[in-house]
Amino acid sequence: MMLTLLDELLLFSGATLLVALFIGRGLAAGWMVTILYGGQLLALLKMAVLGYGGGTIASSLSFEIMGQELSWRFDGLSWFFALITIGSALLSSWFSCGAWERSYIRQGGNIWLFHTAMALNVFTMLILLASGDLLSLFIGWELVSWAGFLLMVLAGGVATSAAMRYITYAMAGGMAIFGGLALIYTASGSLQLEAVTTAVEQMSGAKLWLLVILFGGGFGVKMGLMPFHLWQAPAYAETPGPGSAFLGAISSRMGLFAILLVLVKLFGIVNIESLKLPFTPIDARDLLAWIAVFTIILPTFTAMKQNDARHLLAWHGIGQGGYMLLGVVVADAMGGAGGLLHVFNHATYQAALFMAVTAVIYRTGTSDLNKLGGLVVRMPLSFVVLLIGIIGLAGLPPMNGFVSKWLVYRSLLNQGMPLLFLAAVIGTLGTILSVYKLIHNIFLGQLRVEHEHVSEAPWSMMIPMLILSAIIFVTGLLPGIPLEWVASALQTVGLPVPDHTLGGIESASGSLDMIWVIGVLFAGFGVGALVFYSAGRSKRVHQLDNYAGGHFLSADVRYQYSDNFYAGLMHLIGGWYRGSFLWLERSIRSLVEFLSLGMQGLYRRANAEFYLLTTALFVIAWVVI
Amino acid sequence: MSSIKQIPVVEAKRTNPLARVFDDLVRFCRSRSLFILHYCTGCGAIELPPAMTSRFDMERLGIQPMVSPRQADILLITGYVSIKTLKRVILTYEQMGSPKYVIGICSCTVNGGMYWQSYATAKKLDEYMPVDLYIAGCMPRPEAVIEGLQQLMDRIHAGEANSWEDYYRNYDYYLGNQQKLFGEDWQTPTDVISEAKHYDLLSNGTLGDHTRLLEQHQKPLEALEMRLGHEQKEPAK
Amino acid sequence: MSTNLVLTIALPLLGAFLLPVLMRSSVAIALWSGPAILVYGCWTVAELWLSGFAQPLSIAIGGFAPPLGINLYVDSLALLFAFAVQLLGLVFWPFTLDQESARRQSLMLLLVAASTGLALSGDLFNLYVFYELAAVATFGLASASGSGAAYVATLRYLILSGIGSVLTLFGIALIYSQTGTLNLAHLAQLAPAQLNNSLGLTAFLAILIGIGVKAELFPVNTWVPEIYATASTRLSAFLAGLLSKLALLIILRLLLLIFHQPEAAQVILILGILGVISGELAAWRAKEMKRMLAFSSIGQLGMIFIAMALPDGKGMLAVLALALHHLIIKSGLFMLAEDWGGALERLRGSAKASPLGAVLFVLFSLSLVGMPPLPGFWAKFVLITELAAQVEPLYLLGLTVFLLATVVEASYLFRIAATLYSNPAPDTLSEEIPKSKGLSLATASLFGAGMIAVALLIAPVGDGLQAIAAQAQDVDLYITTVSPAVSGGSQ
Amino acid sequence: MSATELLIELTLMPLVAFVVGMMMVLMMRRIAAKLQRRVGPPFFQPLYDIVKLHSKRTQVSHGLIHDIGIVMAMGGYIAAETLLPVPGMNGIAEKGGIITLLYLMMIPSLGLALGVGQCANPNGSIGIARALTAMLAYDIPLVIVVFGVAYAAGTTNLIDIIATQQAGGFETWGVTQMPLLAIAGLIAMHASLGKQPFEIYIAPAEIATGPMVEMGGKYLGGLFVMQCFQLYTTAVLYVSLFLGGGTTWFDFLLKSFLVLAIPMSIAYLFPRYRTEDLLRLMWKWPVMLGLIGIAFVI
């Protein structure tokens, strides 16, 4: 049998899984797995044609089960997501090799399980990305969900409860999709994409609404969209360092992939737009957009209140997902491009950020923002990585996050959606606030006595971080590179493509050329440096030689502002954090508790025969009447 | 970080005429832009607001109040200086950026004034730090303050107000007096001696018995240099 | 060869009565005769199957042709279950050797005989008789563990199923009074004319509730948790896995052959939905593994009832798939539960003590919640596609309940999994941690292997089931097979 | 346009900005003096201050980031000026557009934040926390205004925005087309200057001028330079959004100074707001006005 390129990729990925599974206990295993990820990346790059102008590559693997055709293939969209998946897996696994691995084992972690779970995640994700019909999509979806569960549950303790919460959400989402699948099947008589598209055309509004809700909700759970976002932050944050980098980078984007495939490609934004919400001016698309916007704002401002670096980042991961969905549902050229480009950018800087935080934990043993500070003098490279990461996350030039957000803003502007635009910007501002808190409380301010002897993270962890930082900057300088891939992905889902240059976007209504912008920015820095350094030579002083209103500072006194950052802001908005969703979750939980209590009571009753007779009488009476 | 080569701004014996013009400009600017840090201990503070506000308006002379010692050029001390206060005054003085000037206002700073017999006040301010200018009086009126400031400005322009260098040159003397008051384990976070080296103002008066005493007690406070080393000093927790 | 099939009922029956006697003379023979009989039974059925079994056939006992005589109806469905009975009888054979063992083993044989009868018999009255036999055997076995709780539970079970039998008998009597025959095939012919009325419906419902006691039909299933929690695990596995399915089989046959009233389907649907809700919810708070499994099997049976309620046999395939899947998975889970009894909290850290058991548990759970590509997924897929195709809101309600129930199921099953994998409480000694081991683990892994085999061969298995379902649905085939004379339908 | 011309523009634009900015600082201090019946500083006072600060012997540094922060604070604005078209010089305005400009204007404050952070002084950190909060406060009305203008002009390119306003003289100016947005913009601009009553993050008597607490010598000097740029940029941005930019340097500068004079003459009449009051104010009135204004535009 002739192997297609896709087969090679899947085989490679499967091989990685097997290697991790069988020889994953040795210390060299990490490196071996990492190399295999590299191999997967190569296998993917052999399909690079998909990234530049499309076509599809089918897998020779396909089944027929109970009259269901199952097939797998890759197109531009799959390639784009697969690139991010494998890339982040490669770097995370590289990061985990060597020093981190040893310390993880020293703390009683099971490294074999870790590598296996990572490999399993990548494998299942590739299967999901390759799905050629709705049934294989669902199969891939469930596999990804459970693989993610495995990775999240690794750490035990708090992580276990977080993962349990996740799996309940994920099952709910999966079942919603399952139901939707059944409905579609009855409508179209097949789960092949073409059949579904034709079936959607002559589907009644109500039914399409139901489908949009089922699928949107189901996929939304994984993306952490608004009402279903609670599980994500703790689940990602409590995963062992590199794992959280990987999950944060790509895992929840599978939801976006599925949304693109089903809602955008199969249903079509036009059909979705035609669904009006009764008694209101808004339609399904606006509904999605507003969900996206709330997903941007609320988690971002929740992140601002976190005091654990990993949780803070994880909450931002949820918030950034909103930008992607927002761009995709606005669905004009710039919006679509922005949404998809943001997937790539987010993956890069989120991974870098989680890695930097993990490096800090590796050296100091804590990620509590109130127990750190001043580490820049001890871990300068990690600081640089974190800095680049947060600039990307906050979406400021010169990093890549700016480009994608710029595109989203522009699309909202062109479409004339002021409120959405405003909300998106509010999200960005909130992000700036909370990432400054992050970098300040870890790296700036007063160095604690117990961290006097901390040193920079080892190279095995440093190199992947630096590579990521380089990617973040380069794709910020030359957004044209990823935009090529994004363009071909957009074509496959049938969205318009913006005309882009190497430096950015060409548009009659105002274009963007990052090469120039960054050029002048650095020129400006140069001039500033000239002015600055031409003045007198400066003298470094100890951090305790500091203004304290005439007070004599000493090392044992903490002279650092970290807790209740943004106190003034919280005076105003602090009362707005109601935890309503937590309350909702708890109430649902307790409702189930209550019901199940009742049911057990039902079964604990001794007079079973009484039930029997009553039922008998009841049904007979029912017949007679 | 200052690996970049740059021109030291103020230096004696410059031959380059342009440089002399430049120095002149710099001195002029210094004299016309003075940021004051008021250290108002007991009394005398009351006379400064009028000097600043609409009646006399220091700002027309380019003088304005500042808040933290890092920003200020003039340390303006009014009223008696109790020993406790003096510690703070010295700390503040050492944290100020040179060229810096000290003005003692009111008789108390000159000779203890009405507290000349108190056990708890430092009588002569210039035993503990070089004072550029005393404005005597109990208390001096704003005119006097302005007058004094103008004198200081002229001296700065003339390049004579260099008493701050004296603190580095004769640190041992000042430190000695400070130790007399505060005991021999007295130290401030500022590493004056290394600064003296930094400004190449190290002279034979800088070091002496007292500085030796200081070095015995001093908890070292070198600046935290940025480290790139990957070898862990202590095993990671 | 077809007559050998009768032996699969007769031999165990014989053995059941002779065993105590044998026991007195020679223990060895007595010990091995039981398994031998079962092996023979398996072989007979398998051999019949393998020898190109295509057309269903009817075996008239004693040469009297139906409808007068008693007959066994053998189609692939019946064969499948007959085989399952013999096999599981073997698997769950009480090998323990003590003064009780003779009684237990003979009861086991009796149970097997009766179950086989239930699977094969083509006659309503025989069905009833075998049903009673099975019940009697079950009482004996359930109380055999000897604990007080077991006796109480068995007593309740006894009363309940007693009343159930009375109801069943009442239903059968009604039918007989109406039609004058109890032969299924014959009834199938007469039904459209004579039973398609409220009286027929009453009869059906009476039988439904009566037999529902064994089929764990809501609400006459309150004996389930007690019995399963107290009786020996192997028995529970047998009951939950097989006997309930046989009761289902009876109801299914009646539904397919005789009672086509929509009301009948509706009642089943409603009771099924209630069963799912009550079972899964009750399981969510269960503090003990066996109890949890008991409740969850109530829920699963409820799902099967929902499938059964699908009009004109659409759900046949789903019923089969779900039933067989549940048969494998639940038996396996019960075998695991044998060593993991007691409070769930005790199970902390068991995964380290017995990794294989834990892995099996996770696999079974995954299949139970329908994770592709495990067989459970396909079973559920078949069901929900059928349900979604219906227009009545009640079916869609069923669909919704089904999906929600699955979420609940996942959350409680994986709570156990998490407990297994979590670190043991600091003050527990390693020997305190329960390990799953020995025979039970072996049996469980047997079922696990079976499950994986099915998962791998899902395509052929699916086709096979479709064939079986098609055959079982075919009423005319049934009639013609049993009484060729009346194939014209002239009665 | 040839490369040399572009190069000249790119060098001239920041230079002009700096000079004009210093004049604006002077104007600000003079206005304050006049309001307080004082004479006020001499003409070259801003220059004196900057030269003096850069020529201090002691330059207390708390570390590399401390230095880099100041460099970013100056450099960010220097870069921003090249995106801000002035009469006769467009620089690279069409390469960026207004959104980019707004984001570039955040770089200096980010740099300052980093630099202050390494000073290890809580006063500074509190100052930055307040500054960022203030940014959250005034940027919301600001982006509403920018959205309105850009949507009305149908472009984010500042050159086109100015051109469309200059097309029909005074009638087509932003201020006449969208008066509500203009008012909202004015308030937001005032807050963005960080002058009284909104100077919550300077708060001399409270947190020792917040970010500047550890800044002396050229560090403070750098911030003075940054202030010049800030005043210039804010004023010119407003002029190009609402007052039709400038055709000649004369009316351009006239407009800029006038625009700046408005908040300045209000500023020194009020005491300072508390942080939450600033937020409340900014999120209520200008936002309301802005949204109504946008409603008119769309």
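In this document, chain identifiers A, B, C and D correspond to the written order of the chains, with residue numbering beginning at 1 in each.
Methods note: a residue touches a chain if its C-beta (ideal position, glycine included) is under 8 Å from a C-beta of that chain, and two chains touch if they have at least 3 such contacts.
This one's a predicted model, so the numbers in the text were calculated from it and none came from an experiment.
Connectivity of the assembly in the absence of subunit A: the other chains, held in place, form the touching groups B, D | C.
Here A-C and A-B are compared, and the pair linked by more C-beta contacts is A-C. On a Cα centroid basis, the chain most remote from subunit D in this structure is C. Averaging Cα coordinates per chain places subunit A and subunit C 45 Å apart.
Subunit A and subunit B have centres, each the mean of its CA atoms, that are 55 Å apart.
Inter-chain spacing, taken between the CA centroids of subunit C and subunit D, is 79 Å.
Note: centroid distance subunit B to subunit C, computed from Cα atoms, is 96 Å.
The multi-chain contact residues of subunit A, meaning those touching 2 or more other chains, are 374, 376-377, 380, 447, 535-541, 543, 545-547.
For subunit D, the set of residues touching two or more other chains reads 55-61, 63-64, 67, 208, 213-214, 217.
Among the residues of subunit B, those touching two or more other chains are numbered 1, 9, 68-70, 95, 195, 223-224, 226.
All chain pairs that touch, listed by label, are A-B, A-C, A-D, B-D. In the complex of the two chains, the subunit A residues touching subunit C come out as 63-66, 138-139, 142-143, 146, 153, 156, 160, 163-164, 167-168, 171-172, 175-176, 178-179, 181-183, 185-186, 592-593, 595-600, 602-603, 605-606, 608-609, 611-613, 615-616, 619-620, 622-624. In the complex of the two chains, the subunit A residues touching subunit B come out as 103, 362-365, 374, 376-378, 380-381, 447, 453-459, 462, 533-547, 550-553. Contact residues of subunit A toward subunit D in the complex are 374, 376-377, 380, 383, 387, 391, 395-397, 402, 406, 409-410, 413, 416, 418, 421-422, 425-426, 429-430, 432-433, 436, 439-440, 443-447, 508-513, 516-517, 520-529, 531-532, 535-541, 543, 545-549, 559-561, 565-569, 571-573. Interface residues of subunit D facing subunit B in the complex, by the touch rule stated above, are 29, 33, 36-42, 44-45, 47-49, 51-53, 55-61, 63-64, 67, 204-205, 208-209, 212-217, 220. Subunit B contributes residues 1-2, 4, 6-9, 68-70, 87-89, 91-92, 95, 188-191, 195, 198, 221-234, 236-237 to its touches with subunit A in the complex.
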